[in-house]
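Below are two complexes that have subunit A in common, paired first with subunit B and then with subunit C.
On to the complex of A and B.
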């Protein structure tokens, strides 16, 4: 009986700590070599107080899309690093949704300083939509620093609906043929009334006045 | 009123109607080809090429008009639009007549998005010697644009002499929470070798709580010159500024245009500026993403996800909220596919697939390249 227990005991002892917190949702989905590494990343994230759900989702996304194990691990690692940066910028009280949105903005080109400023300008208010709009603007062709400036310009007064309307209007203007910078400038002007001079607008974050193309 | 007087009155009424929907006009078919430079309110200017066929038919009581256009912009995107309208003039009183009309229009931008309108109208005309006026109302529906049932109330007056026609109108528009008043005056001079039309107006009052950037009070004006080169061919030059029209989803703009108009049949060329409809009907729209838009609504515990895909036989989606397990949507109406899922507020990643094909990014979602070799759509669920 005692001899029969030895192999199990040895197995437990030999198992590295990182594998002990196996995430059941990864089983059968993520290939074994990657799964152990992802589990380790998840464990470390828990220790650091980071949300694990986005990391888990990223692994599942890679698995579903047939990515090689190394690519899955690389994607989860990168997201973990982004979450660390955003967590510092947004503070410990940031929600999972806010951290995820911030990570998305970082990936789009926003800076950690921009996110930190956003937190300071919107104390106690949700940041998810604002950060997501920052990323959307960059993806629409707006320079990252300009997009960040626009979102920050609205930060003190805009609610989520305002941000969504702002993003939609800029996107539509661009699709109608306006340059991203001009579309952003026009919309930020109408949203903030920063400039009342016809034919010019103040570029958010720069303070510079720019003529609109006739 | 003499018979000629009636013809003049009807012709003027037809012209008046072009200030609103193009309802009635002189009998002819035309093909227009021209080029424009247009600058939508607050945007960069763009060159455009316009091809615009039109057909109009008049009888003493019934008028029909149809026009279409294809406009290609510098960006390579194009607008195709068409408008058709019919008007029936009732009664036989010398002084008063009732007109019932209907119009429909549709427009497609960049092969992606379609908007349209459907309007029914009634006008009470009063005729006198060389002058007249009418009271009218239009009521209907707009599609793919602002919400709310559009309604227009119009009062207008006109006067016509040998070569000069004058018209003035005041239109109050209601649509959803939007309210606006438009005052428009126009004069047309028809000479032996030149036709000149000047239109000027103002929007002295507007209230649009849903769009702070629109509905500002403004002044506008257009001038159009038409020179017949032959009995069938005319050249048109025009320019000016026109206001937005929320009912017909026209974006306000400034423009310069030049073009030719070939009368393919009929008796007399009309002075419809070649730039007209296609450019005027440019709208706010589209997306360059490769899938149909994904609409998400409802409470977090039971969101409705809807995709409009007319020619699809199956629609699937997968995302972080499905643990990246594909789920099938159910067809709930022709071209409408839905599924209900619990989705918390936040930023989500999603792909969709039609007819078992490749996974794509839904329209309206931000496209993000992934480390996995493809793209994913990023959507914000407030």
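On to the complex of A and C.
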């Protein structure tokens, strides 16, 4: 090696491996050329300010499940596109968990407008659980627009525990034989009735209320 | 007194005579002193070498190589900065500090059970479940921060099972997922 090239090699060696487009966790798990394609998607996501962990998780999930390489690349690409939409709806300050949950809601059938409205209704508050409940309700059999409407109806007063209890009770009602629409209607009516009571905040999952903290 | 000492006497006499100084000596010395810069400025001049013009000779190949290296370094710094942006650092997600979440599967016939998911790189070896003695209840507890995590159980390293107690989650690879949502507010 010529001495004149030493600075160049030092510079390359000092560059982080991630910046060179090689995600070490994909090595040995996702075969080439799919790995190179996923690496390129991750690099582009970094440049756009998107989180790469959800994308990496999706690729590793496909690898563990023995999916064909093309299916892994397609799944990562689709999730990347969803994260772009959610990032616009939730804003640049959204956390990785919020973006991931928002992508799940989007996948379940919620609209980008629903997610943007959720952001507006809960300024400065975490959106992860609210968005996740949207997706979970759809998975339980609730229509996507109905699920989005329910989550938005609770957005101003419910905290994370309220949302989780709400989802759990709707799912339990469905398992006991109620139709998804009926289960949701009963639980959301109970929650919104409580939220209209002066001096109380909703406990949609339990049907109880508690005093607001001073 | 020896003959040798006698021969030195004239020389000693000459050396003992006062030296004849030129009349303008003082003016010349002071003129030279005035031309010297103050001590502080002299120190600055010594460190101003970097302000001089330097000529670096490079062949085209070395020049291109150096430029490429700088570009790669700049890109690396840029991308590292983007990664450290508003999103949660990956390391924090892989080692979450949060609520202890218990995963339970009843599988009396199983020899080994693992949970794979968004919290452990979907690794079959990362999170094995422990078997309660005397029954078929397998369990493990993992601390998870706020978020929505998709997961599944893998029995005997080959049989995929979802969690009957948890909501179903989206799957694109033909094997069912469950989901756990951890709140933070």
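Everything below uses one rule, namely that the second predicted complex is superposed on the first by the 174 of 214 C-alpha atoms of A that agree within 3 Å, B and C clash if a C-alpha of one lies under 4 Å from a C-alpha of the other, contacts with A are read in each partner's own complex, and residues count from 1 in each chain.
Here, a contact is a pair of C-beta atoms (placed from the backbone, for glycine too) under 8 Å apart; a residue touches a chain by one contact, two chains touch by 3 or more.
Bear in mind that the values here come from a model prediction, so they are computed numbers and not experimental data.
K.L.:
Both complexes share subunit A, so when I overlay them there, do subunit B and subunit C fit or clash?
P.N.:
clash
K.L.:
So, does A:125 touch the first partner subunit B, the second partner subunit C, both, or neither?
P.N.:
After superposing on A, A:125 lies in contact with subunit C but is clear of subunit B.
K.L.:
Taking the superposition on A as described, I'd like to know which of subunit B and subunit C A:156 touches: first, second, both or neither.
P.N.:
A:156: touches no partner chain.
K.L.:
Now for A:65: first (subunit B), second (subunit C), both, or neither, which partner does it touch?
P.N.:
Both partners, subunit B and subunit C.
K.L.:
Does the superposition put A:46 against subunit B (first), subunit C (second), both, or neither?
P.N.:
Second partner only.
K.L.:
Based on the superposed arrangement, let me know which partner A:190 touches: subunit B (first), subunit C (second), both, or neither?
P.N.:
The answer is first: A:190 touches subunit B but not subunit C.
K.L.:
Compare subunit B and subunit C by how many residues of subunit A each one touches, and report the one with more.
P.N.:
C
K.L.:
Considering only touches as defined above, state whether A:178 meets subunit B (first), subunit C (second), both or neither.
P.N.:
first
K.L.:
One more residue to check, A:57. First (subunit B), second (subunit C), both or neither?
P.N.:
A:57 sits against subunit B and subunit C alike.
K.L.:
Applying the document's definition of touch, where does A:94 land relative to subunit B and subunit C: first, second, both, or neither?
P.N.:
A:94 contacts subunit C only, not subunit B.
K.L.:
Where on subunit A do subunit B and subunit C both make contact?
P.N.:
Dual-contact residues (subunit A): 25, 54, 57, 60-67, 71, 74-75, 78, 96-97, 100-101, 104, 107-108, 128-129, 131-133, 135-136, 139-140, 160-161, 164.
K.L.:
Quick one: in the complex, what on subunit A touches subunit B?
P.N.:
25, 54, 57, 60-67, 71-72, 74-75, 78, 96-97, 100-101, 104, 107-108, 128-129, 131-133, 135-136, 139-140, 160-161, 164, 169, 172-173, 175-179, 182-183, 186-187, 190-191, 212-214
K.L.:
Over in the complex, which subunit B residues touch subunit A? Could you list them?
P.N.:
Residues 39-40, 42-46, 73-75, 77, 110, 212-213, 251, 282, 284-288, 318, 320, 323-326, 344-347, 349, 359, 366-368, 370-374, 376, 378, 380, 382.
K.L.:
Any idea which subunit C residues touch subunit A in the complex?
P.N.:
58-59, 62, 65-66, 68-70, 72-73, 75-77, 79-80, 82-83, 85-88, 90, 93, 116, 118, 121-124, 145-148, 150, 160, 167-170, 172-175, 179, 181, 183-185
K.L.:
Would you mind writing out the residues of subunit A in touch with subunit C in their complex?
P.N.:
Residues 4-5, 7-8, 10-12, 14-16, 18-20, 25, 43, 46-47, 49-54, 56-58, 60-67, 71, 74-75, 78, 92-97, 99-101, 104, 107-108, 125-126, 128-129, 131-133, 135-136, 139-140, 159-161, 163-164, 167, 171.
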